[in-house]
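A, B, C and D are the chain letters, set down in written order, and residue numbers restart from 1 in every chain.
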Amino acid sequence: MQKVTCDTLVAKACELLENGTVDRVLGWKNGEFVYDVTPALFTTVDDIKSEFVFNDFCGANFSKYLIEETRKTESKVLVFLKPCDTYSFNQLLTEHRFDREKVYALGIPCEGMADITKVKAAAGDGITAIKAEGENLVISTLYDEDKTVACADMLAERCMVCKSKKHVAYDELLGEDGDVIDSNRFDEVEKLEAMTEDERFAFWQNELSRCIRCNACRDVCPACTCEKCVFDNPESSVANKAISDSFEEKMFHIIRAFHVAGRCTDCGECSRVCPQNIPLHLLNRKFIKDINSFYGEYQAGAEAGSRAPLVDYTTEDIEPTDAVLKGASDNA
Amino acid sequence: MQRIGVFVCWCGSNIAGTVDVQAVSDALQNEPGVVFSTNYQYMCSQAGQDIIKNAIAEHKLTGIVVCSCSPRMHEATFRKTAAAAGLNPYMVEIANIREQCSWVHKDMPTGTEKAIILGKAAVAKVNLNAPLKPGESPVTKRALVIGGGIAGIQTALDIAEAGFPVDIVEKKPTIGGKMAQLDKTFPTLDCAACILTPKMVDVAQNENIRIFSYSEVEEVGGFVGNFDVKIRKKARFVNEDICTGCGICTEKCPQKKVPNEFNLGMDNRRAIYIPFAQAVPKVATIDADYCTMLKTGKCGVCSKVCTAGAIDYTQKDEIIEEKYGAIVAATGFNPISMDKFDEYAYNQSKDVITSLEFERLTNAAGPSAGKLVRPSDGKHPHTIVFVQCVGSRCAACAEKGKEYCSKICCMYTAKHAMLTRDKYPDTDVYVFYIDVRTPGKAFDEFYRRAVEEYGVHYIKGMVGKVSPEGDKLMVQASDLLANKQLHIEADLVVLAAAIEPDKSARPLATQLTASMDTNDFFTEAHPKLRPVESPTAGVFLSGTCQGPKDIPETVSQASAAAAKVIGLLAKDKLTGNPCVAASDELMCNVCSSCERVCPYGAITYVDKEFRMPDRTTRVRRVASVNEAVCQGCGACTVACPSGAMDLKGFATKQIIAEVDAICR
Amino acid sequence: MNNSTENLQKEIIRSSGVNPKKCMRCGKCSATCPAYDEMEYHPHQFVYMVENGDIQPLLESKSLFQCLTCFACIERCPRGVEPAKLVEAVRLAVIRKQGANHLKADDIPALLDEDMPQQAIVSALRKYSK
Amino acid sequence: MQINGEFQPKIVAFCCNWCSYAGADLAGNNRLAYPENVKIIKVPCSCRVNPMFILRAFQRGADGVILCGCHPGDCHYTSGNYYTRRRMALLFSMLNYLGIEKERTRVEWVSAAEGAKFAQTMNEFTEAVAALGENKRLEDLRCKK
């Protein structure tokens, strides 16, 4: 259950639109089903009042949309940012990807978003409505009686290991700001590190071979904002848009993870949108964990303008051979 | 499609002994793009080069591959050959089948196979080569020297002598630097002022030299041959053009209690002052921190006594913008602070002094008019203890001392000890040393004279503690050779303080994008072969800003830096290495990753207009590489996530083609 | 150097955490030492002798127990060698060989007199009670 | 690749122009033998090596990839190899995390004076890769004959 209500957001959006602070609003509206809430751009008060939604399925991170949105006009756009979104927002600012002046950032608190696969597992197919009641979700389906489940049990993985409830960037904050959380988000990575090389290979072979190269992970990623992606560029020598064989997926995912290494804020959008449920965040988190352990704690986006670890160095950095040993406990 | 010629060299039997050269030229004949393939005994010989030239003409070759020795050996040769035949020299690739094949392998079949693969890789690469033309940029024929000590003075004089205009920026009111504070110089014992001040006068009188004294570099932009520099000329509240340097104001100023930095605070000066008699420019400067007029608006004595009317209390800092072709850093050194050396009681006793203070004490223009006296009571000291390596060679604590040897202390201490014994034979002089380091012409002889002729007591060992007791200083030290601990009742203790780069060097290095070592000394482009150049093109190093040095070394390095500057300024145009980075503006994200990894500051951002599909124009910032500054390392190409950055001559496509050819 | 000396040398270096090779032989430790005249081997010699495996004379030396453990040498050493830690380690080696403790807390009151400085008792305990 | 029934690994060595390539030349000058398996690609600086090149080599059937550059602190371009060190530390750790044998990738600093070190490194590396056998975890079957 979210602490801030949809009505509050609607009222705020209408106010800012009416007083001319902004002329567009990046928000959420219902998709085909109640749970596939999609990002939307609103330009009128009427549209907002009739279509704007905010609930436990509003996971989409809007930061990336600002790149295109701020290029359109000279006026301001309103964007709603959950704490984790503000990190992406800052990271994009660090990389000069949009004009800060053209954005009105409204920080909103977040109690964690629900994972629809978990909801479906609990309530079955044919979901027609989901209502938040206190700490629970009441789910109506075509086939069954209403089911009540605890919100806490439906949380998405990334929200269960939420790294921060603190907004690191905003123009205005709705509600109270939270704190950076001492999360255990690297536990899964550590489990993999403790495996043998063979086991790890088997694990990733199983996961990555499911990839269908739909590119959703790339398209949603707020760090993957290249004007032209190397995988789309025939001049890059690595262009390949289609699934080919088991290697191709590794090439794609390794390079993608490397390109966002040190820039990835661990927002978890890649795993959220993957239709094959590949735990892509485990690749990014590996880089984050290694960066923390090799070069000192670094949280991309925590501070606008900070120097990313891969465009920095010290003369005493760890040697690659030692890094590999340090990076996996089975090597010790 | 390229038309490629392949030329396999036998190198006598050097290659042909392990590699079947005929098989190599035959195999490469069938590679894509290859229209001609041959082999010859010595490709680098005149006859061999003629084969290449003829083939280029006959077969209309657009690229050539030479399978021969290392490109480090003959790449330049074959590039010239190609150019002579009208082919762009960068259409030449070398397959190194000697150093990296025939010389390290024994077996003919596998050696031949590897040579073929290396040849294929070179063919694959040359298929993607494009003709390259080195960029050209004009050269502003003016040099900037930052720092007006002996290093800066010498560099400026040498450049000016060659006919190029030079500006010196000095943050103090006068040029002269540390050398102006010295009394005598080792090992010849010339008077420092006698050899320095004529040079200062030369600087003042040289038409090619402008001195910006009491000024600092504010901002540096541009690149080799074309630096744009902003210089802040600090307000000295005296009109330099009018002031005659008569000095009346400095005698009449009622504010007498200003510590005199030229004498290291051992006496006082006025709020309006000329640092020393031979200052250049010889004009007065008002110290705004102490001037009553500037602080309270009441006084104005200097203005009243100045017959020239040079005093101007309303003067403001002035920013001067100038273009330069080359910049020389000559920011010099300072002795380190003695605050952390409690064991030597520097802060407790006035009679514990540093060697630079000792220089002032023995200088005729110093606070005691050249009489060696104790600062505390003005009495003549009868026992003097010199302590070497105070803060030098100190690895224990970075805040206390420096890990390096300061290089000059052994010699100046020998000088001090010798001069003291010469002038005051009734004085006992002890020098505590760890090692006496005297590598230099007539240096060891000088030190031995101090011991043998002047009877200075050199004791191997360190001083552990100095404790003031009454008007004496109790010195506790070890004599390692006698295996004794000594207790000396001294009147004066002189500490050979380590030297460190001037504090202004670090921010300056950032402005110049010149690199520094962990001690804040400027790094040279190559420690042995390019010792007076910074890795940043167009930035040169002079004097102690690069490392500890004595005067002769400083002067020779200063002249060397000047020679490099003259060499640069003598050119009308600079031709660069054409293998530089280039950004594909359409793909650039402006994320600034490339800019952050560039060691040379070669990447800037420019606003670029783009025509959009809907026929509108959109302005977007994109990275732009300055080809004159880029050295072609390629760090940016990997930092760039979109692949917008590529390196000419080592393009992503080319390297991948080589990888593919090798793994095929 | 025979095996047992070599082992002893290694043990002393290990337990002290001192790298005697860092010493540049400046002698500042010995210049600093307030107990210099009481010791037949001085701090800089300790470092040099340990480095050379010349351990036996140190084990038999009374210097060992003359060192006040004031740590002045550690404080002043420009190379961070920490001679007092070496002295301490050699002392420890001797005490370990002797097996029994020389000083117990119970014995202290009897040893006290008004002139005995506090620091001497503290360092005596540190020396003899390992 | 098999020769006389013995597995012969394909090894790609990226060498920076200023130190390691010169080190390899010195190995040649001193006739210090190392296996034919090693094929060198010259790059201006180790920092020119994009992780894509390394993956591409594996994809096309390389069994081991080694990257040689100037010793840290000696880079011709002052800081290039520092970036290399970070990039490769992370990349190799990631490859190992994906189950790629850590012996297949290596970074070695070889100066222009270290001909012997170059030869020795190549001997050791080839041996280590040969012991692992063929690279099957990163290869692309379409690229195999």
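Simple rule for what comes next: contacts are C-beta pairs under 8 Å (C-beta built on N, C-alpha and C of every residue); 3 or more make two chains touch, one makes a residue touch a chain.
These numbers come from a predicted model, not from an experiment.
> If you tally the C-beta contacts for B-C and for A-B, which one comes out higher?
Greater number of contacting C-beta pairs: B-C.
> With centres defined as the mean C-alpha position, give me the subunit A-subunit C separation in Å.
Roughly 61 Å, centre to centre.
> So the centre of each chain is just the mean of its C-alpha atoms; given that, what is the distance between subunit A and subunit B in Å?
Centres of subunit A and subunit B (C-alpha means) sit 47 Å apart.
> How far is the middle of subunit C from the middle of subunit D, if each middle is the mean of its Cα atoms, in Å?
About 51 Å, centre to centre.
> Among all residues of subunit D, which ones touch two or more of the remaining chains?
Within subunit D, residues 51-52, 56, 79, 83, 87 contact more than one other chain.
> Residue numbers in subunit B touching 2 or more other chains?
597, 639, 652, 656
> What parts of subunit A, by residue number, touch at least two of the other chains?
In subunit A, residues 230, 237-238, 310-312, 315 touch at least two other chains, as defined above.
> How are the chains arranged in terms of who touches whom: line, ring, star, complete or other?
The chain contacts form none of line, ring, star or complete graph.
> State the interface residues of subunit A toward subunit B in the complex, per the touch definition above.
Residues 71, 95-97, 225-230, 233, 235-238, 259-260, 263, 307-308, 310-312, 315.
> Across the complex, what residues on subunit B touch subunit D?
It is residues 70-72, 96, 98-101, 103-107, 110-111, 113-114, 117-118, 121, 515, 523, 535, 579, 597, 599, 631-635, 637-639, 647, 650, 652, 655-656, 658-660, 662-664 of subunit B that touch subunit D.
> Touching subunit A in the complex: which residues of subunit B?
For subunit B paired with subunit A, touching residues are 518, 586-593, 596-597, 618, 621, 639, 641-644, 652-653, 656.
> What does subunit D use to touch subunit A in their complex?
51-52, 55-56, 59, 72-73, 79, 82-83, 85-102, 105-107, 137-142
> Along subunit C, where are the residues that touch subunit B in the complex?
22, 24-33, 36-37, 42, 44-45, 72, 76-80
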